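This is the structure, below, for whatever I ask next.
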Amino acid sequence: MPRPEGCFAHEIRVTWGDCDPARIVYTGRIPWFALDAINAWWEAHVGQGWYQFEIDRNLGTPFVHMSLDFRSPITPRHRLVCHTWPEALGETSITFGVEGEQDGALCFEGRFVCVFTVADRFTKTPPPQDIREIVTPHLPRLA
Amino acid sequence: MPRPEGCFAHEIRVTWGDCDPARIVYTGRIPWFALDAINAWWEAHVGQGWYQFEIDRNLGTPFVHMSLDFRSPITPRHRLVCHTWPEALGETSITFGVEGEQDGALCFEGRFVCVFTVADRFTKTPPPQDIREIVTPHLPRLA
Amino acid sequence: MPRPEGCFAHEIRVTWGDCDPARIVYTGRIPWFALDAINAWWEAHVGQGWYQFEIDRNLGTPFVHMSLDFRSPITPRHRLVCHTWPEALGETSITFGVEGEQDGALCFEGRFVCVFTVADRFTKTPPPQDIREIVTPHLPRLA
Amino acid sequence: MPRPEGCFAHEIRVTWGDCDPARIVYTGRIPWFALDAINAWWEAHVGQGWYQFEIDRNLGTPFVHMSLDFRSPITPRHRLVCHTWPEALGETSITFGVEGEQDGALCFEGRFVCVFTVADRFTKTPPPQDIREIVTPHLPRLA
């Protein structure tokens, strides 16, 4: 599914320490960047990130899947803009799309699936109503 | 494709610092573990890892794809055994499978695709002959 | 030496993945934050960070010393403000002070010593003149 | 205080992803390695690391200080041997020394001070008696 126009963008300051001897960002760092972008999506839209979900609401959103395609190398020469949007909201799961862009070039695109859980029991649960209501208007419309 | 019997196993000592407030390994660390296992596969079979490939042989193997399914949480209570094998060897690419297991439970399974490159030019290249010869006998046989 | 009034402040977005099972930032992450702040100091004042120093100017600034005192825990509930300033500039070295503050509380204070090197030879060198001129006015004055 | 003869050694497999564009381990990774070595000291001597301390015993050992001197660069070409020993045991604190060595060369030396806490209250406490008894014989003797 293509990235929705004007979706949330999270900017990452790429640094020297993110890079490997090939002088580009180490592959192992890239999923970390994407996760930071998803957490920032939650913070921007719900006013709470994973930390507050877990500790204040006993709500977990563990990942059950991720897949990424790496399109071009990332360096510290430009900020990395992570376009981030919810792609689907199921009974007990949510899918996010993330596209990382730098200086106008697509660097990676990824899809991430999380399930909602009762954090201290690690059992699946439907998302709280406020979260469902916040996420729904951001979902891509079917044509 | 199922994991080949008796394939290479790389053991990871999971620690406190790998875990998040949910008291399990942070998702962002898991691709990192899988990459460590793939690098260890190279070291064990070629006697060189990514560092030596790049610096001594001008050979890069950047990732173009990764996908992971997370099956159960990882904790520091047991070593994480990463079963690692080459799944396919193309003209200029290689695919690895990695399965992480802890205390007998499957924690994650992933597939990773790398391309071979001339490191200082960042252009695709077929793998060197010695690497092709080392990898080939480890590939799963077609039935 | 006390922190100079109005010195450079680098803001860090602390996240879930930075925290350990004690629900506070893992100690191992804190030097990393301080290094990010020092690199940001360079970017803000010279227009180049470690990456550009190394690759565009063949200039290295490896660390020879760091010491940190940890005063109070860091969490994702507030931005971490890293107050950062050069404390001393020697013939071939520079010392930085970094103080991390969160919600008005001092979280850590650290001192970091780097030497200037010719990057590809790994030998000490005096800093380039433009860097000396940029750093000098920021050094604390003797009373 | 000099390193005691024959003290505990924790071996670290340094990898490509630990290195920065200068082709040596990134400074921000080195405290992390030292912490891994201290945690491994606990595991080897008490049979429990920080994770078990916190979760099974409600015992925390947060760091209040660290200082490191960096003597020579670390690369993936050799294992990093971290010699690790308790240097002092106070009423409510413990000091560790760590020296990282690679291919016979000293890479870094560090000192780390932790306090014992009641984990869920974050208040200082004397260490449990079994821990005091395990640590004491490893302390350097006064001449």
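The letters A, B, C and D name the chains in turn, as written, and every chain counts its residues from 1.
Keep this in mind: a contact is a pair of C-beta atoms (placed from the backbone, for glycine too) under 8 Å apart; a residue touches a chain by one contact, two chains touch by 3 or more.
Bear in mind the structure is a predicted one, so any value in this text is a computation, not a measurement.
Student: Please give the intersection of the contact partners of subunit A with those of subunit B.
Tutor: Intersection of subunit A and subunit B contact lists gives C, D.
Student: So which has more C-beta pairs touching, C-D or B-D?
Tutor: By the number of C-beta pairs in contact, the winner is C-D.
Student: Give, as an integer number of Å, the spacing between the C-alpha centres of subunit C and subunit B.
Tutor: Here subunit B and subunit C have centroids separated by 34 Å.
Student: Taking each chain's centre as the mean position of its Cα atoms, how many Å separate subunit B from subunit D?
Tutor: 29
Student: Using mean CA coordinates as chain centres, what's the subunit C-subunit D distance in Å?
Tutor: Between these chains, centre-to-centre, one finds 24 Å.
Student: Where in subunit A do residues touch two or more other chains at once?
Tutor: Residue numbers touching two or more other chains: 16-17, 19, 21, 23, 27-28, 32, 35, 51, 54-55.
Student: Which of the residues in subunit C come into contact with subunit D in the complex?
Tutor: 21-22, 27-28, 31-32, 35, 51, 54-55, 60, 62-70, 73, 119, 122
Student: Which residues, counting only subunit B, touch subunit C once they are in their complex?
Tutor: 16-17, 19-21, 23, 26-28
Student: Would you mind writing out the residues of subunit D in touch with subunit B in their complex?
Tutor: Going through subunit D, the ones touching subunit B are 13, 15-17, 19, 23, 32, 35-36, 39-40, 49-52, 54-55, 75-77.
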